[in-house]
Each structure stands twice: as C-alpha cells, then as structure tokens.
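Heads up, the next two complexes both have chain A, just with different partners, chain B and then chain C.
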Partner chain A sequence: MSSQGSLRKDGRTFNQLRGMVCDRGLLHRADGSAKWSQDGTSVLVGVYGPKNMPPKREDPEKAVLEVLWKPKSGIQGPEEREAEIILRRTLEAVVLAPLFPRAGISVVVQVIHDDGSLLSCAINAACAALVDAGIPMTGLLASVTIALAKRDDGAGGGAHLQLDPTREEQDGAQATVCLALETTPKAATSNGSVEGEAVVTSTTRGAMAIEEYLEALDRCRMASRTINAFARLSLDKAQRRLELPGT
Partner chain B sequence: MDSQLEAEAFKRIYPEEYFQRFLSEGTRPDGRPLGRARSTTIGFGAVSTADGSALVKIGSTTLLAGIKLEVMTPTAEAPDAGKIAATFEMPPLCSPDARPERRLEETSVVVQQVMNAIESAGLVNTKELLISTGKAAWVAYLDIYCLDADGSLLDAALLAAVAAFADLTLPPVRVNPEGHVLPVLSGAQGGNLRENGDASSEVVTVERRKLTLGAMPWAATIGLYKGHLIVDPTAEEEALLESTVTTILDEAGRLISLFKPGGITAVTTALIQDCVELTRHRARELKQILEESSQEDEDEGDESQ
Partner chain C sequence: MLQSSGQGDGPSTSGSEQASSYVGQIVAPGDIVLDLTQAGKLVRIGGGLQQDGTSLVVTKAGRLRHTKPSKYWVEGSQRRYVPAVEDVVVGVVVERYAEHLVIDIGGPVTALLPALAFEGATRRNKPNLNIGDSVYARVTSTSRDTEPTLACHDASGRAAGFGPLAKGYLFQCSTGLARTLLSRPTCAVLEALGGGLSFELAVGMNGKVWVDAASAAITVLVANAIINSEFLSPTQAKIMVKSLLKQVQQP
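== the complex of A and B ==
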C-alpha cells in the first residue's frame, strides 16, 4: 500500500499491523503457554489441562473451560470480568470440548502491557497457548481490532480505518471494532473465498454506520490471514520464538 | 390431558428435539413466528423514591430501572460534567440459576454493554448534569434490577435504562458561594428567607428540568440455531441456542453495538446484514412503544392533577 504521505504517528500506514512476536513454552509448570506481543501490547497466557475439575463444576459431556484474567496491576474490575467472559465464550467456539468429558481446561491470562487492541492480543495469545498445550481445536482464531478515526483528522476515503490501533489511537477514535475470526482448515483450502473466515466474536464501542462496520469486517478478514499465516508458522514445535516485523 | 402430559414429558427429556420440531414448522414453543419479539410494555415512574424509573417487560422478562441522583464534586479532568454509574443486579428470585453467593456472569456483561450503548449513542450529555462548574454536579446512579430473567436480558436492560433516563427529572437546587448544594423547597418561599440571610447574593438557582436526551439506542438479541434466526429468545430457547448476536441501533440507523460473544456458530457477512435488518424493524417497534407509553404517562399525570 502506498503511503500517500498520510502515515500514522508510529509511521505505519492505515492498513498495517504492528510487528508481532510469539514466544511459546515460557512457563515450566503450565501444559502450554505463549506470550503474544503486538509492539507495546503484550499478553502472557498459561494453559492448564485437561485436568480434574471439582465435581460441582464438571460437565459429564464435555470439558469445562475456565478463563482467569489478571490485569497488569490491581484487582479485577468489571471491564476485566467482561473480557474474561468474552474470551471464554470465544475459545469455547474452537476448543473440541466433547473430547474430554468431566475434565477442565484453565486458561490464565496475564496482561503484561496494554498499548491498545488488548482483547485481540489476548485472544491471539490464548489461541497460541492452547496450541502449545496440544488442546484439539476446530481451527485457529485470529483477532484484530480496528479504530475508526474521527472524520476531521482522517484523510477521508478509506483512510480513516486504522488497523491494530495503539492505545492513543483507540482512545481518540470515534469507534472501535474488535473481531475474532476463525479459519478452519477446510475453509483455508477451499479457494480462499471471501467467506473463508467467519466471525466468532464481535464487540464494538462508539457509533458508526453499518457500511463502516462491514468495511472494518473486510479489513479484519484480510489482516486475519496475515495473523493466521504467522500463527501457523508458530505451530512448528521447534519454533519457540517467532517474530514478524510490521507488514 | 394425556397428550398434553406427553408433550410436557417429551419437552423435558428431549428439549432439543422438541424445539426443532417447532422450528421445522416455522414457529416457536410459545407460538411466535421466528422473527417476532414478545409483547413489550414500559411503565414510567414505577419507583416513587427514585428521581427517574421505569419498569420494562418483554414477555415475562421483567426489569426495573431506577436512577437516584446525588451531588458530587466534579473531577479535575472534567470540571463541567457529571457522571453516570450503573449497576445490574440479578437477585436469586429472578432465575433458578441465580444464587446469592455467586454473581451470574450475565451480570457483568449486561452492565458493561448497557453503559457502552448509552455512551456510544450519546444518550446523555454528562455536561447537562452539571450544577455549578468545578463545584457541584449530579452523579446519576442507574440501578437495574432483574425481577424475572426470561431471556434477552440485554435488550430489556437497555430499554429500562433508556426509559428511566426519559423519566428522570433533575430537582431544583441552589448553590451557595461555598459550593454547598441546597434543595429548593417548592412553594415554601418563607423557608428560603433565612438561607438568603447568611448566603450572599450570588446564589445560583437551577430549575427543575428534564434531560435533553440524545440518540436513543435500541437493542435486539437474535439467536442463531441451525441456520434459523430467532428474534428475542426466551431463557428456555437461549439454553439451546448456538450463539446470540445483539445488535444495537439508534434512530438514525447508526450502529451502536454489534455484540457477539463467541458461541458455536461463526457468522458470515450476509448473516450480520440479516441481523441488522431484523434489528431495524425491532428498533422502530420499540421507539413507538416508548413514545406511546410516555404519552399515556403524561395523560395520566394530567388527569391526576
């Protein structure tokens, strides 16, 4: 994409993701772990399980997924509790829980630093940690946040959709959209049609036109392919640390 | 009688099968077509001790919202604005899953999404809650109580919150030079004399008034089940659904929120457009219900005077 002289504060184009780093197997006691960073935003996730659950909580038909969200500092507030629930329901969509009846899978999320797109980063990290733990899933998740910059400071056209916003961009935006998309192996092979990635989770903040939402969805689809390709590379067991500079 | 007993037993043993048979006939266990929401009523001023309140029923889902005003000192960052603080309670009486010792997870999601919708739509201009710059402002405590949780809680909670704000009246107050907020007693002019004595002439009086509300957000929850779109699901249906999408639109058709927290089915663009279309229809319906209810409320108020 040509820069058109209208770059963002950190020098990225509007349609550019930040550099990603994925480290796996950092935690010794966990069955799987991953640290996922998107420049300033960084999340460490540990996965424990499948393991025993207290009889009160177990499900005779499938594994129970549990997410614990630890904020960077302080105690959990209502926002973190909501993020915890959204993350759990998102992961439930891809984890093949019926394979482990009566068992439990704990996903512990530790926020290391939040520089925007936190929920997306946490979803990507959790997915990588589940892969590291060898938990069977229907497909890989890729999550992207998009900020709609206010019209007056955007350059017009499609330029006001900012992919993977930093905290500053996110706070100054008219609206933000956070989407988690699932790519199943089947969808990936079938000629890569536009509907290859379907929306598992969607949360928004701020008001926008429906067309803007749909445009954001299309941009997320494209970006999710980059994230997916990156995540697939990190599936390689030998690949403990993988870096992708900004694309 | 026998066949009714049989149907009841079948529903208990094979809830999924029971539900599917209805869907294959294009209807639902409570007799509604898939695209129709339950009958909705709004009652204004349900709580006389609150500054604004509303009782909302969508089918048997019942929510009570009340707003209580308190005076606060505005924060240094926003010296000219008040604020809104919301809570959502699901007491044990509202649902068999609600227990006193453990908060249901819906609780945190609903309150966050309701606040998100109110802020995103710009329903309340917090600057209007100001009494005196830097000295005093109103903080509106919005408490939503769930009396009966029969599905689509977010829709009902948002409607109750919007209706409570529509009902809210800011009481008349006076601010003395020290920044203390004093109530103005209606019709008791004599009582003010002594106050006037020790306070100087720069007493600011704010009249009794209603808020000027911005764009109102309207929500519709749509359940996804094996390719069917089920508008306004009941708790019974929600237990079987694969996932739900809550779309919130304002009058101008702007998208305030599209909330899909995971779930088994992943949705395509076409499905999202269908959900938005169904919500548009529901938003018109809700707007009309709110207008009619507030009209009735005013008429009643006139009669009683």
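== the complex of A and C ==
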C-alpha cells in the first residue's frame, strides 16, 4: 500500500493531514481570536463576548451564540448561511452557554483562503478562538473532512478515502464527510478510562455506502487525535508566552 | 506525566489526600484534573473549574493552581472580565439613579453600585458621582441571573482605599496583566516606575487601570510602560522603564 502509486497529487498519503498552523490572540479588539491554516486553507476567527445583546435577541436562560461567516470576497450566499448554521450548532454543543444568561457571544469567521476542507478548518479555528477568549467550554473540538474519491480513479482497495482533501480532490469526489468530534481529554481518574471522541457534527455531501461512512468515521477519529495534540501544543505555547512576566 | 496513584486498591483515607497531578501544568477545557472520590471531604474550586459528577473538569484554558489543603483554580489571561466575588475592580459610571449607580466594569453585563455603599454614606450625605466618573470598588455578589453588585467599602464598612477616582487616566489591559500588577511582591515594572516617578495607580482585576500623576507626560509614560510590559521579563521591563525615564528627564 505504501507504494508510490498510492500517493496523492500533493505527495501526501491517503491518510495524511496537511500541515497545520495556529496563531492565537492576533486581533487587538476582539476578546479572543485565532487563525487556523491547513496548508492552502486558512481561516481567521474573532470572538466577542460574553457581551450585552439587544433585548429582542437575548435568551433569559443562556447566552446566545451568533456566527457571522465572511466569505473571502463578495457577499454571503446560501452556502455561507448554511456554514454559519452548522458552525453555530457545533459550537453550541461545547460552549457552556447557561453560565451567561441574557448575554451574547459573537463568532466572526473570515475566510482567508479556501483550498478544501473549509468547514473543518473553520470549526478548528473557532474552537481555538473560543479558548483564547476564555469562554467556558465542556471540551475541545477537532474537525476533519474526508473525501470519497470516485472509484474509476484506479485507486482501489479502500484507498479511496482521502483525508483532509484539497479543493481539487473535494470537487472531484463522489462524496465528502465533514465530522466534528469532541476530543478525549487528559484525565486523572482513578481507572484512567475516558470515553472516546464523541461526534458533535456530521455533514455529508453526495452518496456513499454505510461501510464507507463508518470507515471514514474511524479515520476521522484517528486524525482528530493528531489535531487535538497539535491544538494542545499550540495552546501550551500561547499560554507560556502570556505568563512570561510573572515567572 | 500520567501518573496513576500508587496505592491502587486500598480506599484512600481522608488524611492521605493528594493534590491533582496536573497542578502547575497548562490545562485545556474538558480535562479531568481530579477524581473527587480520591480527594478529601472538602474541595474548593475557583474560576475555570466545574464539578461533573465525581470529577473536576476544566472549562477554561490556563495553568492549574492549587493551595493547601484543597483549593483549586485555573489561572489564565483573557481580555473579557467575568466578575468574581471579592475582586477589586475599576469601573466607569454609565447611569445614575436615586438608589444606585450603574457601572461598566467590562464584564458581560453592567454592575450595580448602591448609592449608600460608601464609607459613612447616608441618605442625606452620599458621594456625588456623575456619568463618566471612574470608581474603585469591590465585587460583593455575582449571581448568574442578576447583575453583579459592587461596594466602595470593605467588609467592616471602612473605605479601605475604595471610592471615586478623581481626574487621572483610565486604560484597559488583559486580566492576566492586571493580576501581575496586583501580585505580591510588587512586579518589576511598578517597582522600576516607582523608583523614579511619583504617581497614583488603581488596578482592577477587570483589566482597567487608572493612573494619575502631577503632569500628563508622566501619566502617559506610566500607562505606556505598563501596557508594554505585558510580554516582557522582569529584567527586560526594568531596562524598558529605565530608557523611558531617561526620555522624560532630559528636556
């Protein structure tokens, strides 16, 4: 399987993520911000809040989460609206909104460049920005997209699932799955057992067999651990930088 | 890093409670830092932690702190302030009513300062604060469903330094820097600034800092030095202050 033939156009193996870069706290006026890049795909997220909301929109039970998706150029279309809703529902699963009744949390997503797996990149960026803003959360998110290449590509035998696809791979795919998982935390429990990653969001496009979906889910699980490890590393670095004067 | 407790099976007695293995480490939301069945009878938790069944779960990123016997909290730096009881804050009056003042402390909602929550204040004799004035106060209550309340006196009713802040200059920094400025022993920047200049300073846990000095130039210098010191080591901060002081003394 590891022969040259199983490599993708950009030289990656089918099960390989692109290089990730995460910058935290780079916006001055936002309460928290992060830029998350996966090679060509890059998203900048700013988080504002918890803050006062206009009385019309506030919820007496919990904080209202609003997501604004700014495309790279032009105005919002239906695709952006859909991404907004998916992202909002994903974040609502991890943000401890009941701690701030009547308040609002704004998440502004600015797409810098789209080279495939955009929604995953945005979810990862938003999670990093929320952590940077100090918004209480139940856990961290990691999101991965998988493209199911068309079978007549000649890449047979289970090698047709492409992890973290580029735009070209995504456009040529038979189907794509975008999964967001709540990652497994570090735990100091006595028995050391923590449940595995929980699926928070799953969006699919195109048609695929159930077995293929389950296979994709498995691979996303594995990849989410890599993303989680990277996110923790970047968080560690950012926190150390903040603490320098005290220590 | 992942150390399991040595005595695996024996039920832990209340005397042998041990601190979480994550103390002093950087933790992220979702981390389970303590198993409450293994901890002592009483565990006190501060900001950034939550109880979930029998475990203690982190909700904010930061460094896990612990003091004996069993206090735990997460220390992180953030721009937006979330009020906590007994924090000292600097706020700005935004609305004025007969019974109370509405104060902006930079939190999710504005705070309430009762008009009589000053030392020696009575119905006839209460301080006259106008919209836009700044006050140095203490948070007396925070509840999920009501606005936080402030007071300009300590628990025994003394002013204890709290009260209106006349004149001066107010600026905003991160909560992490505010904590550094309030820490003991005095942090390097303030030590260095205090050595060469005389000024008044009020730091709030909410990241609002009030400075007043004899001249506007000194006020601005102090404010700039404090803002610049956020990412500097103590030695770097001292050097920075020294070069600033030179500039102000030359003309």
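Note that the second predicted complex is superposed on the first by the 219 of 247 C-alpha atoms of A that agree within 3 Å, B and C clash if a C-alpha of one lies under 4 Å from a C-alpha of the other, contacts with A are read in each partner's own complex, and residues count from 1 in each chain.
Everything that follows uses one rule, which is that a contact is a pair of C-beta atoms (placed from the backbone, for glycine too) under 8 Å apart; a residue touches a chain by one contact, two chains touch by 3 or more.
Because the structure is predicted, anything quoted here is derived from the model rather than measured.
Within the superposed three-chain model, A:A173 lies out of touch with both chain B and chain C [touch as defined at top]. Judged by the touch definition given at the top, the superposed model places A:E82 against chain B, while chain C stays out of reach. For chain A, the partner touching the most residues, choosing from chain B and chain C, is C. In the superposed pair of complexes, A:I227 makes contact with neither chain B nor chain C.
By the touch criterion defined above, A:P50 reaches chain C but does not reach chain B.
Applying the stated contact rule after C-alpha superposition, one finds that A:E182 touches each of chain B and chain C. When both complexes are overlaid on chain A, the residue A:L65 reaches neither chain B nor chain C. Using the contact criterion defined above for the overlaid structures, shared-chain residue A:V144 touches neither chain B nor chain C, since it reaches no partner.
On chain A, the patch touched by chain B and the patch touched by chain C overlap at residues 182, 194.
Residues 78-79, 81-82, 85-86, 88-93, 175, 177, 180-182, 194-195, 198-210, 212-214, 217 of chain A touch chain B in their complex.
Chain contact summary for the complex, chain C toward chain A: residues 2, 4-5, 20-22, 26-35, 37-38, 48, 50, 55, 57-63, 76-80, 82, 108-110, 144-145, 174, 176-177, 179-180, 183, 187-189, 229-234, 237. Chain B makes touch with chain A in their complex at residues 105, 108-109, 111-112, 116, 120-122, 215, 243, 245, 250, 253-264, 266-269, 272-273, 276.
Within the complex formed with chain C, the chain A residues making contact are 30-32, 49-52, 63, 94, 96, 98-103, 131-140, 182-183, 185-190, 192, 194, 231-232, 235-236, 239-246.
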